[in-house]
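Per-chain numbering from 1; labels A, B, C and D assigned in written order.
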Amino acid sequence: MRVIKLDKTKLVEYLRSLEEWGEVWGPVRKGEKFVFAKKDPSEFDLTARRTILPPKKFFVPPRFTMFSYRDGRWEEEFDESRRIIFGLHPCDIFGILILDRLFMEHYPDPYYIKRRKNTAILGFSCLPDEKCFCIATNTHSVEEGFDLFFSDVEGEFYLVWVGSSLGDDLTRIREDLFDEDVTEEDIERYIEWRRKRDKMFKTDLDLTGMPEIVEISYKRPIWEKIGEACLSCGSCSMVCPTCNCYNVVDENVFYEERIKRDRHWDSCMFKEYSLVAGGHNFREKRSDRLKLFYTHKLTGFMSQFGKPACVGCGRCVDACPVGINVPNVAKALKGEKVDAIWARGEE
Amino acid sequence: MNPYEMQRARIVRIYRLTDDVKFFQVRPYMGTEVCELNYRPGQFMMISLPGIGEAPFSISSTPSRPGLYEFCIRKVGRLTEKIFELKENAVIWLRGPYGNGFPVEQMEGHDLLIIMGGLGAAPLRSLLLYALDNRELFGKIYLLHGARTPDDMLFREEFLELMHRDDLVCLLTVDRDDTGRWPAYTGVVTELFRYVKGIDPKNTYAAVCGPPVMYKFVVEKLVELQIPKNQILMTLERRMKCGIGKCGHCAIEYIYTCLDGPVFTYWDVLHMKELI
Amino acid sequence: MKINIMPLARVEGEGGIYVEMEDERVKEVRMDIYEGPRLIETVVLGKRPDDVISIVTRICSICSTSHRLASVRGFERAGGVEVPEKIRLLRKLVHYGEYIESHSLHYYLLALPDFFGYPDAISMAEKYGDLVLGGLELKKFGNFIMETINGKAIHGENIRIGYMGRIPEKDALEHIKSRALALIPVIEDGIMAFPAMEIPDYMEEETNFICLVPEDDGFGFIGNTIITSKGERFDVEEYKKVTNERVVPHSFAKRSSYAGSPFTVGALARVNILGERLPGKAGDFFRRLWSERWKRNPLFNNLAQAIEILFCLEQIPPLVDRILSLPDPELKEPEVKEGEGTGAVEAPRGTLYHHYKVENGRTVECDIITPTAQNLDDMEKYLRRAAENLVKNPPEDFELRLELIPRAYDPCISCSVHMLRVKVKK
Amino acid sequence: MKPKVGFYELTGCAGDMLNMLNCEDQLLSLFDVVEVKSFAMASSAHDEDTELDIAFVEGSVSTEENLHLLKRVREKSKILVAVGHCAIFGGVQISENNWEERLKKVYGDVNFIHTRPIPHEPLGMFVRVDAVIPGCPINKHQFLSAAGKLLLGTMPELYSFAVCAECKWKENECLLMKGKICLGPITRGGCGAICPTHNIPCIGCFGPVEEENVSSEYKLLLEKGYSPEELRNRMKIFGGKVREVK
């Protein structure tokens, strides 16, 4: 992989120059949190931690139209915009890699593929906060899935990994800003930075052996207890970078003389999710739904991937009002102490 | 190719099977000649009407009789109600076929026990007709079919005809017969197992489909008969929005009913806590 | 002869007109209100002020912003809460939005069809498409302003006691400004459509008018002083002196009279009392169109509304500029623990009072007086006069001619159904 | 043939009817594809004799006259749609008890001549309701979507999940996590999570979501320092009679 350097003071200028390729999006502050927004690169916050929604919103927006039906014919509707997303952290890139397998292999989904192909991924290194546990899911370092990856190793330069042919093209837009000369000192500094970063994780989460533990815990009463607290609000699914469930609905846009077929995000935490004809519900109880969610996050994802789908970004920690999240559930299953409303003594 | 894209099709003929189930013969628009339709028994298709929605339906016909798809549809909600209102020649939209279907190649050379209840007749009729059309490929064939009353029995006339054939044993039962003219058995479907004789369990495939409550009792009987657990096949129903392993609704633990099913073996079921 | 019109169409809420005549004598005239009572003022007792402001807007959809403004002002006066300038101006803007929406709905879609002889605006649209579409554009713009500033066009929640949840974005405000400028010609055409028609005079009679004196002494809709057409002034805390409510058996809405005689509030009252203060083109139209008949004939309320729409549109651009020139204030929620106060605003239909008493952070008294409730006596008075004048020679469209009168008031009946006064001490 | 449609108001603020009129860009097409038989708020034309395909009814039943009208509308309509919170759950007016006492306090002993007030109830207490469009007021996009489905002769398909989902779609900071009484998790979605998008906690105006977990949210908020009385008051405003708050 080509590794080059960019003078830190030139980052904004470089990102602006990319507007000739597509819209430039990056992390900006929203209250105490962050979101990916289309703003001038000078407004991007390089200290950003996890954004409220993961980058999946670029590839499968919360709600979009797949087809329009007019005059007896269905027409596909595609989002053709080209986007550059700057500031993805390794966990987010892992999240995209999982979605890629889901949407791009086996019945490739053209809506996803179109958006994915029109999007450049510019990763950015990060330092963990108290909610990050990507070190436990082993998603804190990323080798693929990006076009460029910027590492801030605390010097005057960013080290830039060029991860794809598109990434290479993007560096050529302003070749003059990059420096090919990565020195021994730079490499040492990078290795030192990694060491420091890894030491900064505050999580004591250990996910080794989790699949077996989840498997054997299927009937344990702890699920009922968690289920009692769960609000079925679905926030956990909405913010999870690897939750991909959706619903399909038709709408009669009579005032435009067309019918559209839309897709919108859904969640296995909703009661209706597993309801079938005749009113039978395969996951009537909240605890049943939580089990499905955590089976996906902690044991296997899809039979063909056989890999847990949690990437350790900490968004569920940020989103669940009652403290049901991967670290808490995993710890509770392992019998460790958990600070959450459902884990408190009596009732 | 957009896997969500639908194909235009025409309803050729409609038969009423029971008060709330109709049978539809559907021909895709593909030029004028009779077309080869490429599917396996046990597979399903997504049927849609613009503005109303889309839902999965098992194919009831057999690929051994080309030209038409047949569906057996029960009126339960928005889409199915609208499909019920359609007349012959109406246009509907299809995509598929999807799902694994029955492993017919593996089943060849075996005895077959086909056990259906209620709407379970829809996918299993496909398998049954397939086996009858390729009769020489299979050993003994038993059909066990249960319904509440004679009026509720899907494909009643068609199956009553089969009782006269000597190359299969067709056992039909109803829970209750108020007509007094029911020519076959009364009682629940599991009682029909009494009449299942002379099969070689190790060399038998059983296929079961029916309402969720039926599986438990039928499977017990099949296990009693000592049919290997991986030769007991069942087709399952889940909510589905895409049919192609993306929307997540049909997930059972980490597998997808639409890709890895809807046909599962009892062995699979034993290993998946949520299956039935 | 008895005339019973129910339900009264193209008004908000359920009401009817009952007129009984014997020979050529009018025996009884009633504005019947049978919109069910919701007892909202009793629902709010014991609740936190921030719950109360959400509940009371539900009294009425079409005046929900005015109710919101009057209620937050009531609590702010009770608790001595200061409102940052920028938020004060945004409230003014959202209020203009409500005026534009409410007035254009009434003027174009509910009132004009009467004058052009159609049952509704939709049928009128076939021949007067431009007029109806213009009205819809204005209405949409009014809604856009309310959505932008208050979150929703109806029962928005962004306006809070002493603060607001989110300050609207600059782009949205700029858009409001440019739309306002673009729509001025639309309302000018709308105003011109009206005087072309003959205004009947069968109900004309002198009356009293009451409105608020705007805070900044120009023309406007928010203030703390009540003024009557006789020139008397009262502080809003003395609102009961002018409203004097009473209960009548044919109505779930209470009645008001001032010094024993009925009065009118609303656009016509404001324009009759303060019209000289109207600036710009709105002022020009006022001077060109106004006549002494406006003091006797409620049908001119329609025209007064149209002039007010123009006034609002003209005020918006400079107001937006002022808002944008101010820095965002700190957004934090003040607590109203104790106190008593009255908040008043001019709703599109007239003066609206919200009076509250708060103890220990809970609302213990609530009194809301809505404009339509104040207008009902005057509507009856005009109906009686009309019936008396028409009964001698009953015209074919007798009913329509009667219906015109309450409709001209743009009555908001759901909102007028309320209680007199409750005092519940915990 | 165009479907025959009627719009009726019982006791409420007329906000749902008004929000239908607020569909300015679609209004003319809507009135083009249906035959409006009755819409008191917008039109004088009213034909009460024809059978209706669809009746939209707003407001709670709060007088004998309301009840009478509702029954008449039900009889002559194929599909009756309850629009808005008052019609579905009873409205804010249903949130407190002692109705008779409060009525007396307000009106004294006046004997009303037209119709007697009765304690507020949602439509479903008296007649079959075929579909609902929730909200206080309804959301106009949901109304158009429901109308579109009804025009095709099928039932509306609205969001059945809580406000939080759309709140996340809008990428809002969670106010409940910040310690505010946000009723998003127990409130049916479809409004576009407008209030949290404006940093205002949801007060629940779309009514209880089908599977609300009131006790968990209640417990959570108690832990955050709110009093039972405050929580009860807030949760009752739009809770109708279905929400149980201890």
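One rule holds in what follows: contacts are C-beta pairs under 8 Å (C-beta built on N, C-alpha and C of every residue); 3 or more make two chains touch, one makes a residue touch a chain.
The model shown is predicted, which means the values in this text are computed figures rather than measured ones.
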item: Busiest interface, counted in C-beta pairs; value: C-D
item: Middle chain, criterion being Cα centroid separation; value: D
item: Intercentroid distance (Cα basis), chain C paired with chain B, Å; value: 65
item: Approximate Å spacing (C-alpha centroids) for the pair chain A, chain D; value: 37
item: Distance between chain centroids, defined by C-alpha means - chain A, chain B (Å); value: 40
item: Rounded Å distance between chain C and chain D, as computed from the means of their C-alpha atoms; value: 24
item: Junction residues of chain B - those touching two or more other chains; value: 51-53
item: Chain A, residues touching no fewer than two other chains; value: 249, 251-252
item: For chain C, residues that touch 2 or more chains besides their own; value: none
item: Interchain pairs in contact, sorted by label; value: A-B, A-D, B-D, C-D
item: Partner chain D, residues of chain A touching it in the complex; value: 30-33, 35, 51-53, 62-63, 228-235, 238-239, 249, 251-255, 265, 267, 270-272, 286, 318-319, 321-322, 341
item: Residue numbers on chain D that touch chain B, as the complex places them; value: 148-149, 152-155, 157
item: Residue ranges of chain B in contact with chain A within the complex; value: 2-6, 48, 50-54, 74, 76-77, 80, 91, 93, 211-212, 237-239, 241-242, 244-249, 251, 253-256, 259-260, 273-274
item: Residues of chain D defined as touching chain C within the complex; value: 9-19, 21-22, 24-25, 27-28, 31, 36, 39-46, 59-60, 62-63, 65-66, 91-93, 95-96, 99, 102-103, 105-108, 110-115, 117, 120, 136-137, 194-195, 197-200, 203, 205, 230, 233-234, 237
item: In the complex with chain D, residue positions of chain B that touch it; value: 51-53, 78, 81-82, 85
